[in-house]
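Labels A, B, C and D are assigned to the chains in the order they are written; within every chain, residues are numbered from 1.
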Amino acid sequence: MNKIVILIHCSDQKGIIAAVTNYIASIGGNIIYLDQHVDSDQDVFFMRLECEFAKDHFNLDTIKDNFSKNLANPFSMSWSIQLQERKPRMAIFVSKYDHCLYDILSRYSTGELPIEIPIIISNHHDLSSVAARFSIPFHHIPFTKETKESGEKEQIAVLEKYQIDFIVLARYMQIITPNLIALYQNKIINIHHSFLPAFPGAKPYHSAFNRGVKIIGATSHYVTEELDEGPIIEQDITRVTHSHSIEDFIMKGKDLERMVLARAIKLHAERKTMVYNNKTVVFS
Amino acid sequence: MNKIVILIHCSDQKGIIAAVTNYIASIGGNIIYLDQHVDSDQDVFFMRLECEFAKDHFNLDTIKDNFSKNLANPFSMSWSIQLQERKPRMAIFVSKYDHCLYDILSRYSTGELPIEIPIIISNHHDLSSVAARFSIPFHHIPFTKETKESGEKEQIAVLEKYQIDFIVLARYMQIITPNLIALYQNKIINIHHSFLPAFPGAKPYHSAFNRGVKIIGATSHYVTEELDEGPIIEQDITRVTHSHSIEDFIMKGKDLERMVLARAIKLHAERKTMVYNNKTVVFS
Amino acid sequence: MNKIVILIHCSDQKGIIAAVTNYIASIGGNIIYLDQHVDSDQDVFFMRLECEFAKDHFNLDTIKDNFSKNLANPFSMSWSIQLQERKPRMAIFVSKYDHCLYDILSRYSTGELPIEIPIIISNHHDLSSVAARFSIPFHHIPFTKETKESGEKEQIAVLEKYQIDFIVLARYMQIITPNLIALYQNKIINIHHSFLPAFPGAKPYHSAFNRGVKIIGATSHYVTEELDEGPIIEQDITRVTHSHSIEDFIMKGKDLERMVLARAIKLHAERKTMVYNNKTVVFS
Amino acid sequence: MNKIVILIHCSDQKGIIAAVTNYIASIGGNIIYLDQHVDSDQDVFFMRLECEFAKDHFNLDTIKDNFSKNLANPFSMSWSIQLQERKPRMAIFVSKYDHCLYDILSRYSTGELPIEIPIIISNHHDLSSVAARFSIPFHHIPFTKETKESGEKEQIAVLEKYQIDFIVLARYMQIITPNLIALYQNKIINIHHSFLPAFPGAKPYHSAFNRGVKIIGATSHYVTEELDEGPIIEQDITRVTHSHSIEDFIMKGKDLERMVLARAIKLHAERKTMVYNNKTVVFS
């Protein structure tokens, strides 16, 4: 069987679900998953479907064409239809922290993540040996404040060369430039080491320690031009006590960062996230 | 607007969602919530819909009749359609433990639970004062091993008199009789003080302590003839350490019992649970 | 047996634990619990002990005198020694929200909280009926912006009359005045409906909804003059998704508020919290 | 400074803490951590201390000798004193599952685990490539039911050759033989993929799915001759719903297994666990 994933997003209107499910039925598809959400404040409708079709006569382009004519245009939908088996191509940006990189590559190696990782890009040499262990190409693009523009150009060239679909910042310690954000809108995933919006910016574990919180967290979000302000994909927390030092916070936080980032990658790769109004709809 | 909740359960077939959503659209309804689940092992289909209709011309009986003819019969559905505003009537069975009773009555008083509580039934006098505090009628039905049958008769008479829809056992320390279970199938909710299937039966906190577990739990489930074996509605856990005594387990467990039972009551009252194959589908 | 709780707090020095445990042994006490903490950044030492003594010849005043001379003075300790069986007297301040009040009074009624509740104070009449249900005196002290000063005087008079040890703000919607804070330093417990420091101030659930977080929380803390900035005693969180409305956030949050506040009350009542440097040490 | 860790375990007696802390003070040590536990049911006393000593004149053997004479003998203690900086040597046993192995080796590589890993032992060839990636020696010891005895002999020879302190079974699918258990008592850590005592034995995810639980878990424990019945070190859980398949359970469970096993390894390596009565005391 061929499986496709349909994502739909439009203003809320009567009869959308009936129209879409009728269409799927009319072309011989079987719906194996349907979830929808109506944001009643904003009057926006979201839907995610997984359908399967018999192998013969299946033609993705025809489905897309007809969907566009018969459904997307009349209902003014934002939409996408993708083959489930097609793995998105992910680039990893890193600097010097290695724990998230090890975790992603380990999960990738065990087959947990439905992605391809054609390239790791870094402004430092340090983690090239980790990339080598997992036999992933490592591209070193150093830059300074002054050469940031040319560095970005090289990054974009590499991303294009490897036909990258989305980017993961695995504790990458640099601010992403507006050009790159514009090219990969809602396609750059960051991991921030606090339960945002608490403790944005630098050294969140130190701030958490000084404030005396009893819970620390991590947050994965899509990158926008406002630092640490993008749409949140996933968060998690762990308990701390007075007996934990800043070093303990950092150590416990590493586990959160790994888990939260891995979950966000998986959700994105499986086309389970939709973005609007600086928030996410996550059909998990 | 009139709001209704539709629950459907049948063998999986192509085109069910389209047929149902078409029908809703055809009678002027607007779907505000739809969730579905396919058990692909058993080939069973489940759906829950919330729809709203304009007040004029709305006739629940007509909707039910047409639904039955046009959808339920052709697809061989088990189904129910209910007015969302109609609050189910719940009886509480208690013995001597008061923490769950206090919690349910407090939540009821603050308006958190969409239910009516016409009656509290007990085999002991002890908690009549709690019932009185919240101005709920309290019916004392004492019985012994020998008089259990007549006790059950009286229970059933009281349940019928108060037109009870479902029953909650709030740490009721008696085994429910098969007659009563048969009358209220999947409509009697129990709270068991362990994460089932670990530690079924009596004194689970003692067993958990002796085993040296690092986590204790509570489980709410529908009552079946097999003790502590019914379909699980909700579970939760909390961490314990070597420093906790059995008394600490019991104290921490009380919070779990309260929360888990309250959640199960809310899910059932909002018609978000469906039972099949000794499991629940919970559309939350 | 007589049981006492000793709390100690001083600058870190060699030999403190030996000196204290020797002293307990020398007067015939048996240590049944000892926990200590060293803040190595600030070089501060904290200790909590529970000891038991045979009933005869036990004299609390003598123990205190000798402790003061032999230990507290030489080591420059802040300290307290209290009989474990002596229940602290707690006042509850409320306005119109009833869920935390119901929860505290229910736990109090079931014997879960080792406290006395001699009085409930409110600037509104609304919750007097809840107090009446649980047979707790209710004192109505209305005030306006203009009469806040005289209102505070009346509050303090009532607190003194009832010999109140500590105060709980059970979703009390007024800012506590500096005079009252000064009188009850680290003895006023507030519950804030967010995981502080995220979303301080008014309407945190609305802010959380608008930010699109995947986790909401509640925080109990001691009240200081800086709003929502006092030492945190306890926090907890629950997961939310895109499918939850602001009303759902509020409903789910109620459970957090109840639990977190109840835990903070219990910790304080059992003399398990110590405050320094705007943080808490919680020996739980 | 030299740091040592002292673990003590004896029947409960008056004055133990005073005696131990006096002794530390008398030899110029500074206690930087002390935690103790009394099991009042069994009248057993446990203590863990971390102390530091100036580098000059520090002699571990002398400390041990004096501790033995002055404390351990009079109080009939079970005890150990170890240099904190000395990393225990851990062997990993694996079969074909790779996720826990990847996780352990990644954490080891990032420096999170205070251990040495001199050898990985397996009854299959499959994971030799993972070992090679991380440059850890891999020893293949195949055996059948018939050759299990000689296989065990070879295992023991390898463990002795590499001077192994403790063993981790990283989803090793073989039952450990009594001889090996006897040699490494409370020094073999297993990860079981359920919240024990629920679902012991084979295929726990399948059993959990069939029972319809709403929570799945993982448990790390010391291996004893009773399968899945040894002292529990750490457990954790995650929520599941009706919408998760057995494959989803397995996938979500992998994260639990990794985390729970890593935490147990860390606790054991840092000498924070003590075993008695088939339970653990975990000073974390």
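Quick note on the criterion: contacts are C-beta pairs under 8 Å (C-beta built on N, C-alpha and C of every residue); 3 or more make two chains touch, one makes a residue touch a chain.
Small disclaimer: the values here were computed from a predicted structure and weren't measured.
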{"item": "Between A-C and B-C, the pair joined by more C-beta contacts", "value": "A-C"}
{"item": "Interface copy of C-D among B-D, A-D or A-B, judged by whether over half of the contact pairs recur", "value": "A-B"}
{"item": "Centroid spacing, where centroids are CA-atom means, of chain B and chain C in whole angstrom", "value": "36"}
{"item": "Chain centre separation in whole Å, for chain C relative to chain A (CA means)", "value": "42"}
{"item": "For chain D, residues contacting two or more additional chains", "value": "40"}
{"item": "Sites on chain C touched by chain D in the complex", "value": "14-15, 17-18, 21-22, 24-25, 30-36, 38, 40"}
{"item": "List of chain C residues in touch with chain A within their complex", "value": "37, 39-40, 195-199, 211-215, 217, 231-237, 241-243, 245, 277-282"}
{"item": "Residue ranges of chain C in contact with chain B within the complex", "value": "98-99, 102-103, 106-107, 109-110, 112, 130, 133-134, 251, 254-255, 259, 262"}
